[in-house]
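Here come two complexes built around chain A, the first alongside chain B, the second alongside chain C.
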Partner chain A sequence: MFSNNKKGWLLLSPTIFILIIVGLVPFFYVLYVGFFKWNPLAVDPSMQFEGFGFNYRRLIFDGVFLESIWRSIKFSVVTLTLELSLGFLLALSLLSSFPFKKFFRGVHTLPLVIAPIVVGSIFKLFTVQGLGPLPHLLKDYFGYTLNYGMNADQAFWMIVIMDIWHWTPFVTLTLLAGLSALPQDPYESAKIDGANNFQIFVYITIPMMVPVLIVVIFIRLMDSLKIVDEVWMLTGGGPGYATRFTGIHIWKEVFEKRYYGLGSAMSILYLYITIVICWILYSVMVSRGKSED
Partner chain B sequence: MRKLLFALVATIFSFSAMAGGHAEWWKNAGAPYAGTTLQGIAENTPPGQFAGDVLAKEFEALTGIKVRLENTSWDQMYDKAIKDMEANSGIYDFVYIEQDIVYDYLNRDFLVNITEGLANNPDLQAPGVSLDDFTTFIDYFKDGSGDVFGVPMEAFIKVYLYRKDLFGRADAKAQFRAQYGYGLTPATSFDQWRDNAEFFTHFCAEQGMECWGTTVQGHTGHPASTYEFLESIAPSFGLYNWGVNMDSYQSCVENGGQLNGGRAKAALNFWTQLLPFAPPEALQSTWSEVGSSFAAGRAAQGWVYGENAAWIATDAEKSAVVGKVGVMLPPTAPGVMTQAASGNGYIGYFDGGAYGIPHSSKNIEATMLWLQFVAMNDHQADWAIAGGRITHKDTYADPKVMAVDEQADGYFSLMRDTGFLYAGAPPFPFHGAGRGAIDPFIYSALAGEMTPEEALDGACQALDQVMADLGYQD
Partner chain C sequence: MLWFQGEKVKTRKLFAKFGTTFLWSILTIITLFPIYWMILVSTRTPVELFGKPDLSPTFLEKVHWKNFTKPFLDGVYSDYLFNSIIVATSNAALVTVLALMATYALSRFKLAGSESIFFWTMTNRMAPPAAFLLPLFLLFSTVFKFGDFTLFDTKIGLILLYCVFNLPFAIWLLKGIIDGIPRELDEAMVVDGANLFTIFRKLIIPLAAPGIAVTSLLSFLFAWNEYLLASTLTSVYARTIPTGLSEFVTTTGTNWGTMAAVALVSMIPALLFLFAVQKHIVAGLTFGAVKG
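Our next item is the complex of A and B:
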């Protein structure tokens, strides 16, 4: 088979080469480093092998790391639920016609093209105490004090709102593409059978949209689990540990505290957890899709 | 034609002047490297901007060597510089070395020995440039044998800044005396600082002014807050070297350290209790925002890094409080001043940094020229005015600096006369890791999620864990 597709392999080889260099080599290097005790700030700055499980055993009892994972999962579940709901509503709205639809669609898509670090800057300028307009408006009109530098809940929800603002357009556009491509026959049959809009949505639209939903959920889940840039800009992970998601925690351990071995183990463990979560989700969604068939 | 000739003569004259009259030497020394671009990275501060905007251009005009200085945020600077030096990639020809990280860099052998480099290349030794011209701040960038690894480009102290106009108001004085039973003056004790802060917060509100009683560099997600506590507040309460026992590398009281001792807890209590009297942006403020807040007239008093003090006091384009700024030493707890004067303690942080050359640089010789240019006496006065920093002994006596000194209420004189009371960071090779361990606890104390006592108990345990992990404890 290989000899029959020589030309194909030849054409693919640059891509495979690049994938090996930028994907596999760093992955195996991180995997390798994760087995060592290594901090260049230590009295002995060399890499010391202390058993394959040394760093991983330590992580199992590292409360701050485990909390950061739980925080990231909580964040992902919240943002995914809200972005999917809002995105579905917007996509359905954009299917119908209304005045200034094209303008709305254009404006609504704008956040997508903004770099995450810039999104963080925009929100910081908009919400920083004393200077940003939002705290002033909330205080003046609703008597509400917004100070996410002091309030852990506010900091967490501010990040959630920022993520929703940034990524809901992606969900909307993807779902809109899926909705536009759905066949019309099932809808016509359902209407003839007397189904109302809610029943049509639940029993026809959603089941037919499952493949698109799976793609959207996976992309957003993986993205939200590795959020760093926007949070870095807005809160820096604070106050305290309130917004120290796993990505930020790993960054701080590796690049501030220089725990290269431990940080590598964290990365590998977190990757494993992400894969497991995605696999469970995929299995559940696929089995549900099959049972509904 | 006459204009052109005049411009040419003026340019030649200015180049000659700025090169200390050795323009020909610089031209010849730079000739082999003409067209080379030196890439540097530093923190985006007023002194850094002067180096990038003014000195780099002058150097290029003189030698033909281009200098591209990337002035960026503090954390990005370290991230990029350290990654470059660790990977030995040679992206940067010179990097900013803050005083507190030099021990880490030297420990990891990141830097070129400048003394040795110049000794081995006599042709590169610029006439009229001497490392002896620097103040004693250069000592922080020497190794045990006295060799220099970084050329200081900024040095300043963190001072107590106050608003002379507010403290001088007759109605404020009368109201303060009626309320507190003593006269309104800039703070010479911590109790007075707190009273001043409380008073001006209410006074400003009553007067319809957007100002508060004190600055607090209290970002709850940035190390700036940890630094303000460890380097300014804690030493003024008599807690030195982060409370770490320098013999045993323990920081908890029960193990012989001081980080959760009485002085530390008093200091953190004092500092966090100032928050209600600080501008609302205090919990999102690093050193830059504190400078900006003070310059915007939003605080009556505060700890402000010296790199900001000069422009706040003199630059009307950027500061709303020009001519209204007073400068003093911050208050200290009883006994601290005596300890500092005898060399057994310090009252605050002598901040600053240097440019050093990574071993990975691909243009070490050309960069040596650039660093010597930076070290020249000629532009030190303008640099001091632009950045509130002084690295050379003679700069204090420069007429331009003396004029600004007068406008800035004697900031430069204060640094000259009392600089010895301040100190740089403790010589911890594990600086970043140690501070990183303390950060979350300081953030939590500022956010009110932990009491100062709980925060320091947690901080010392975390720091001890790091020092044990890294092999510093027996």
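Our next item is the complex of A and C:
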């Protein structure tokens, strides 16, 4: 029966059909629209063809768009670095036994299942001027004024803190799963050879953890390049352009200014950058997997 | 862990233990404090929220239930909640059935290019949804038309749409499980004259049941939590709870109490779910690349 491929294709066809309809068709459609000048709110609301590179040439000199990409990348790198270091420390600490460990770990899992938009709401309620306790506490005890609605730097770092609150548990638990699965033999031989804890960590734990680390980096990078919901809820991309990440920028250009053509070109470039970054990491992941087999 | 137990000095070990517990207590407070504050806000009147924040647990004595009843009994939020339940449940069911079929095909049949198909499905998961907002919006509102019916602002549209990110994930998760069921069992059943349906019913589904449960629960959660696509592709009739939450931002003079109440209610499935599949959450979120 398993040589009869008709049945196999039959089983696969609904999946392929749906993914073509909601995945592949939109992709080609956005590629197509990207070649046109199209603004339904303009004097001439029809699609006009002005050469294949028209929108892309405009984008190369679009400072706001390029800056939003740079902002997204900066944000991803900053959060990734902080979450990885913090998560690794926490994962290591979870290997030892201490009182209430199960409870602590359970609470630590909590943010993972909360929707990004709800995380945004939680942080809005917690930090907004005039309601949240955080600005008050900072003012009373440290004399620090927190008003991310006015201060661009504070807004950016507020988003970073929110992302750390939301996703460090993911890093911790993933690394913990990886650490618990490590073989014990190398540790025992290192002990016999008289290596100290730091040497063991640098020369044994980290090299053995590289595959898991790459998976974590891959997934976190993918997600933080996409970030929209939390930011939309907390700052709406402001103040000014301070937290306007690429996803938010595209949304605003397309649905507020109705720049359909230009927005499509942005989408394609954004997609391209994400795919390149993912592809690099994916090939690293696969090549490492192969070299170990 | 061996390297951690290297020091023989007992006091130092005790100190480390104390330090770790202390560190984790602070972390737990940091995690829970904002959520605690949200609960406080959801149980207070606007007047009680005015002025200096009061951190005492006032909800033990008095709860301002109007924050909950106003959006859910008088307002449209009960519709949003209903839509969310329908969309997330149907999507989880659809994704699980389709992914089971697809994974079985990829795992058992020698199909030309099945590796590429597998990779292609995965790329759907990696793509940022913001890049697809415009084409999906245009396709849903003008192109995918069947008479008067468009996919825009319908639950069916959302259910199909969420397959983009849930199907790849479900296939990835189930592939490991179905690959783990020996082929010989299937072949033996074929020799006994069983058809595909019987194989699924008697062999695959019973053996993969835990994996199927986790897959459908995680799909439910992702569909329940999705915001960006839902907010763009619905306007009135198919709006879900997350889109309802964002409506609080644009209205002038936000009613914080109501907003907190809606956020709290929308968290309930996630919390129930946390207890159900806590152990599998890592495997789920890493696509099964790291066994949790």
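The rule is short, and it goes like this: the second predicted complex is superposed on the first by the 270 of 293 C-alpha atoms of A that agree within 3 Å, B and C clash if a C-alpha of one lies under 4 Å from a C-alpha of the other, contacts with A are read in each partner's own complex, and residues count from 1 in each chain.
FYI, a residue touches a chain if its C-beta (ideal position, glycine included) is under 8 Å from a C-beta of that chain, and two chains touch if they have at least 3 such contacts.
For clarity, every value in this text was computed on a predicted model and none was experimentally measured.
Novice: Report for A:W9: first if it touches chain B alone, second if chain C alone, otherwise both or neither.
Specialist: The answer is second: A:W9 touches chain C but not chain B.
Novice: Going by the contact rule set out at the top, does A:I73 touch chain B (first), chain C (second), both, or neither?
Specialist: Touch partners of A:I73: none, neither chain B nor chain C.
Novice: Report for A:L221: first if it touches chain B alone, second if chain C alone, otherwise both or neither.
Specialist: After superposition on chain A, A:L221 lies in contact with neither partner.
Novice: Which holds for A:G106: it touches chain B only (first), chain C only (second), both, or neither?
Specialist: second
Novice: Determine, under the contact definition given at the top, whether A:K252 touches first (chain B), second (chain C), both, or neither.
Specialist: So A:K252 only meets chain B here.
Novice: A:L131 contacts which: chain B (first), chain C (second), both, neither?
Specialist: Both: A:L131 reaches chain B and chain C.
Novice: Once the structures are superposed on A, label A:G236 by its partner contacts, choosing first (chain B), second (chain C), both or neither.
Specialist: Touch partners of A:G236: chain B and chain C.
Novice: For chain A, which side has the bigger count of touched residues, chain B or chain C?
Specialist: With both complexes superposed on chain A, more residues of chain A are touched by C.
Novice: Which holds for A:C278: it touches chain B only (first), chain C only (second), both, or neither?
Specialist: second
Novice: Is A:P40 touching anything from chain B or chain C once the two structures are fitted on A? First, second, both or neither.
Specialist: Only chain B is touched by A:P40; chain C is not.
Novice: Take the contacts of chain A with chain B and those with chain C, and give the residues found in both.
Specialist: Overlap of chain B and chain C footprints on chain A: residues 124, 131, 236, 255.
Novice: Residues of chain A touching chain B in their complex?
Specialist: 39-45, 64, 124, 128-131, 135, 147, 149-152, 235-244, 252-253, 255-259
Novice: Help me check something: in the complex, which residues belonging to chain A touch chain C?
Specialist: Answer in residue numbers: 1-3, 5, 7-9, 11-12, 14-16, 18-19, 21-23, 25-27, 29-30, 33, 90, 93, 95-101, 103-104, 106-118, 121-126, 131-133, 136, 165, 170, 173-174, 176-178, 181, 184, 187-188, 190-191, 196-197, 200-201, 212, 215-216, 219, 222, 225-226, 228-229, 232-233, 236, 246-248, 250-251, 254-255, 260, 263-264, 267-268, 270-271, 274-275, 278.
Novice: Where on chain C does chain A make contact in their complex?
Specialist: Residues 1-4, 6, 16-17, 20-21, 23-25, 27-28, 30-35, 37-38, 41, 49, 52-53, 55, 98-99, 101-102, 104-106, 108-112, 117, 120-121, 123-124, 126-139, 143-144, 160-161, 163-164, 167, 171, 186-187, 190, 196, 221, 224-228, 232, 242, 245-246, 248-249, 256, 259-260, 263, 266-267, 270-271, 273-274, 278, 281-283, 285-287, 289-292.
Novice: Which residues of chain B touch chain A in the complex?
Specialist: Touch list, chain B to chain A: 79, 82-83, 86, 104, 107-108, 218-222, 279-284, 293, 298, 429-433, 435-437, 440, 443-444, 446-450, 466, 469-472.
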